[in-house]
Amino acid sequence: MRYVIIILFFPLLWFSKNCIAGTEVVVYSSEDKIFSEPILQAFEEKTGIKVRAIFDTEETKSTGLMNRLLAEKENPQADVFWSGDPIRPALLKIKGVTASYVSPVASEIPKEYKDEEGHWTGFSARARVILYNTDLVSTSEKPTSLFELIDPKWKNQVAIANPLFGTSAIHMAALFIVLGDGEAKKFLNDLKLNGVKIVSSNGEVKRLVSRGEVKAGITDTDDANVAIRDNYPVKIVFPDNDGIGTLIMPNMVCLIKDSPNQENGRKLIDYLLGSEVEKRLAWEMCAQMPLRYDIKKPAHVLSINAINGMKIDYNTVAKKLEEINGFLKDWTGF
Amino acid sequence: MKSLQVKQLVKIFDKKEIVRGISFDVENGHLLTLLGPSGCGKTTTLRIIAGIEIPDCGEIYIDEKLASRDKKICISQKERNIGMVFQDLALWPHMTVYENIEFGLKTNGIRRDERRKKIEEVLQSINMQKYARAYPQTLSGGQKQLVAIARSIITRPRLLLMDEPLSNIDVKLRQDIRREIKRIQQETNITTLYVTHDQEDAFFLSDRIAVMNEGKVEQIGSPEEIYFSPESLFVAQFVGESNCIEVNIAGINRIVTPWGELSHPTDNHTKGTAKIFFRPHQVKIDQSGCCKGKLVKRDFMGEWYRYHVSSSGVEIVLYDENSYNVGKHVKFSIKEMKLVSF
Amino acid sequence: MQKTVTLWSFLALFFCAAFFPIAWMFGSSLYEGGSFSFVYYHDIFLTGKYAGIILRSLILASVATVFATLMGVPAGFFLAKTDFFLKNFFKVCFFIPLIIPSYTIGIAWTNILGKAGFLNQFLSHYFFLSPQSIYAFIYSIYGAAFILSMNLFPLIMIMTEYALKNIPSPLEESGLVCGTFFQVMKGVTFPLISPVIFSGMMIAFVFSLSEFGVPSLLQLNVLTTQIFTQFSAFYNEKAATALAFPLIIITIVIFLLEQFKTRSKSFEILGRSGSQVFMKYHFAWLRVSGLVFCTVLFLITIILPFCSLLISVEAFKVYRDAFALAKNGIVNSVVFGGIGASILTVVGFFLGYATEKTRWKLKEGISSFVWIFFAVPATVAGIGLIKLWNRPHGAFQFIYGTIGIILIGYIIRFAPLSSRIMANFFRQMPQSIEDAGAVTGASWFRIAGNILAPLQKHGIVATWIISFIFCIGELGATILVYPPGHETLPITLFTVMANSPENIVSALTLLLIGMTLLPVGIFFLISKYVFSQKITP
């Protein structure tokens, strides 16, 4: 009898180890852990506010934070959501999960990267790029536009991450906005006819291009930079610089409605939006582009005005994404 | 006083009646054997008495207190104070002989030094002191048997239940253990219910025997009564070897057998058919016998021969110490017989 | 009385932990726009839309099960029935594939057999296979099945080995008197263990059916990836839950099949007494084939996928970095996994007992009820847990904000497995062993503690180890519910997988393997030492 009781109640000892509220902030981060964790630690050191963080996997490896934020809506656990992409905060705004907060620090950030009502604010950005294998593709042959990829010479040689998820999905929605539905659908169907390989994630695109399984792929700057750092024979192209432009995807941060540590959450948001963080992310391996013009950055990181960014509003992209999801599901064959 | 009373016990498994309304009782200090072929419900009865199974109908009284009744256990196993020896002995392989025996004492909250004294006593009485620290797997079949018995009697139970404890050991050892069981039972004077399909065990050990068949008690009586006066064809044929010959009743106390008419009590019947029943050793080959027959088969049984005799259209079995050749014509007499109209 | 109360309270515990969150999910999937609705089930059952997907899921699971059986049964046979060089080494190594996340094995194989992979180049150079066809194979449903089977064959291997060791030698000896080795294997040995093999196949089947990592990597259109799409692309948890329903139905059917098959065969003769010996064969050709088979299996399932891992982490610094990254995860994993495995063993012990040793009329119903949860996708379980335990005003914060929620996740996911393993062990224990304790008047707790538990020590150790391995590897539910600071090593592994240097990821995988094997080994040694004082004189 005794030992049954002990076994039954043993776990309770662990339950009793409860958290101390007030001096902490809970952040859910879908920015890659290896980049975001040191920044959060720096915040902790600077302010003495304990940061309790949860990180996400790549979109296609687990259902992750987005579902968690939605499921926790009735009793939010997180104070701040640091999103690695610009659409999930916009979606959360639609679903009523976020609260409005206009950070004083964000005044230097261009207004196209901020929500009018203050539900989300962008900083350090990535871009959607074409990555190609230099062993298989010469500089003269390299694709400079997405639309070149429907050419028969790229048949079965292009990889793209499943457009239902993550930044790939954002890219599609942006194309639908810029090109109009008809054009965009035609482009995607042509791409499919040309034997585009749909893989599970941008990391997979990077892996396949790096190993020479395909000649080129559409992926994000951070994945592309990692491949370059790992000394694979790959190079980046910012597509359609003369045309529709390249998709810019800033990090975004938002305050969660009714969360337990609102005040600390605001402090963390102010910190993340500061120029220090932008600078740091520019110098990290992910080589993210600062949204401020005056940040000192390494040579290979382009400044945001050096690229012809697509003219889109992220709230519209989020709505568009919900609209075209059905088409994309059919398109991928899922 | 009656240590155990079983009244109208019924047990159903999977819609099949395994025990079909049996009743019997055991006097204090006596040994009753449930004797019957396998599948007759005797083990189930035992398990109901032990409180392992719940009866579907009927009552069990232990020391004249109601123990189980109609799907209810009235006295828990602890209060029943029962010892039990299982067919496969069920010695716990992870405990030593000492620990095996000690378990029941611990359960009853006996102090350590007292436990030791009792265990040493019982081990001495079965002459196994030096095996106290051995594990059951290392013992011989007979030793395991003794440990199992010691384990069951260590708590001085009011009632000892034994479920075919001798079924897995060889003949010679069986006799020794049987004697040992009898000695222990008589010394301790524990009321015992013994289940077996072996009539030799039953005859040797029992004060009374209950013969069971298909979930019913066919007959209860002393070993002699069961052997010599079976009340049913089943008992007659299951217990020992027997001859059953059909006869006609010719009148008051007159019957017509294949060997002629003779005088025999007929229980007030005056006509019809009946059967006469006699054991093989109640038939003797003797030249003055009134029946004639021919030896058709001979089996050597060690101290005697077993003969099949074909006589007047029937075949009977008899035992004789002398050797005769098959084919010989002999005369024989039936010393004693019983008329039964089953 | 004690027995009934204990067993029912464990059933109630399982019911609360597992049934409510899942029922919550399915309940809300039947509720749309404020009223009762079958809208999410309509497409699944009344249109042909999902027929192909369900069929593909079934093909994937069947083929993976067949592959796993072809690898696991011979491996188990050789390990149990003969002796050869390095046997114990193989025995330990064959645990490894069970530990590595299937996703990692998948990456390794797509590397090896991709067009640029060395095995692809080797095969296409020396055999009549085009690089394209090999590449197509590994990205096909059969390739996925092949990868999955490498993940799952150890399960079947362990069960086969255990069952073979439980066949009393007289059963085989009596066959050998009148027949050849092969006739005995075919006529006696394998028929005897076939229920166990079938059980193992069933577990492997359900695992591959509910597997997400590999189908996602290879972009296969099966039920699990569909569920994922509903969750992650459409944020539609109701549709996702509805899609889990076919999984559950298939699992129930499989379970009933197993019940039907094992009921007709008496398995109880196996392992009746603890002291018997089992038969080993010492033919030279058998030893050689054992060695050859195990070596080939070792090469295919461990060396090949690992060479890419091992090559990339020769530098010590990488391990130091990986360790620094994973320190918290390692400690958490061991602690949570250890507590989780202990709870699962206790729960499994009592649930297994309830489903195998009682005479309850509901017994079979209970065991199939428990089994259903085996098929519930981790994500559905995770979201269900959030919905149930994350209450407004933090009423259950002492569970939701702590390790408690992770442990409940483990119970939902793995209690069906642990109770099934324990039930298999209980099945082999004669009833009289327990009755012998009961007639002394011992309370059921005393019987459970002094007789059942010590006698089932092998079962308990096996259940603990397997539970531990699965707890440590759990990702799907844990990642949805873990409180900040409670991340486990697989979570670390998957969260850093994006954009970390490849060799860090490889080093983390190796750490995960080492970290799983180490506690398992220590536990094994401790239990062996503790038990050795009491067993075999």
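To keep things simple, chains are lettered A, B and C as they appear, and every chain counts its residues starting from 1.
In the analysis below, a contact is a pair of C-beta atoms (placed from the backbone, for glycine too) under 8 Å apart; a residue touches a chain by one contact, two chains touch by 3 or more.
Keep in mind that what you see is a predicted model, and the values were worked out from it rather than measured.
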Contact graph of the chains (line, ring, star, complete, other): line
Taking mean C-alpha coords per chain and comparing to the overall C-alpha mean, nearest is chain C
Between the Cα centroids of subunit A and subunit C the separation in whole angstrom comes to 34
In whole angstrom, the CA-centroid distance of subunit B from subunit C equals 52
Note: subunit B sits from subunit A at a C-alpha centroid distance in Å of 84
By the touch definition above, subunit C meets two or more other chains at residues 443
Seen from subunit C, its contact residues with subunit B in the complex are 272-275, 430, 432-433, 435-443, 446, 450-451, 454-455, 457, 534-537
Counting only contacts in the complex, subunit B reaches subunit C at residues 47, 50-52, 76-84, 86-88, 90-95, 103-104, 107-108, 134-135, 137-138, 151-152, 155, 161
Subunit A partner, complex, touching residues on subunit C are 6, 103, 107, 111, 114-117, 135, 213, 216-219, 221, 225-226, 228-229, 231-235, 237, 325, 339, 342-343, 346, 379, 382-383, 386-387, 390-394, 397-404, 407, 443, 445, 449, 475-476, 479-485, 487, 491-492, 494-502
In the complex, the residues of subunit A that touch subunit C are 1, 3-4, 7, 10-11, 14-19, 26, 32-35, 52-64, 66-68, 70-72, 74-75, 77, 91, 95, 162, 164-165, 169, 198-201, 203-204, 207-208, 211-213, 222-223, 226, 229-230, 285-286, 325, 328-329, 333-334
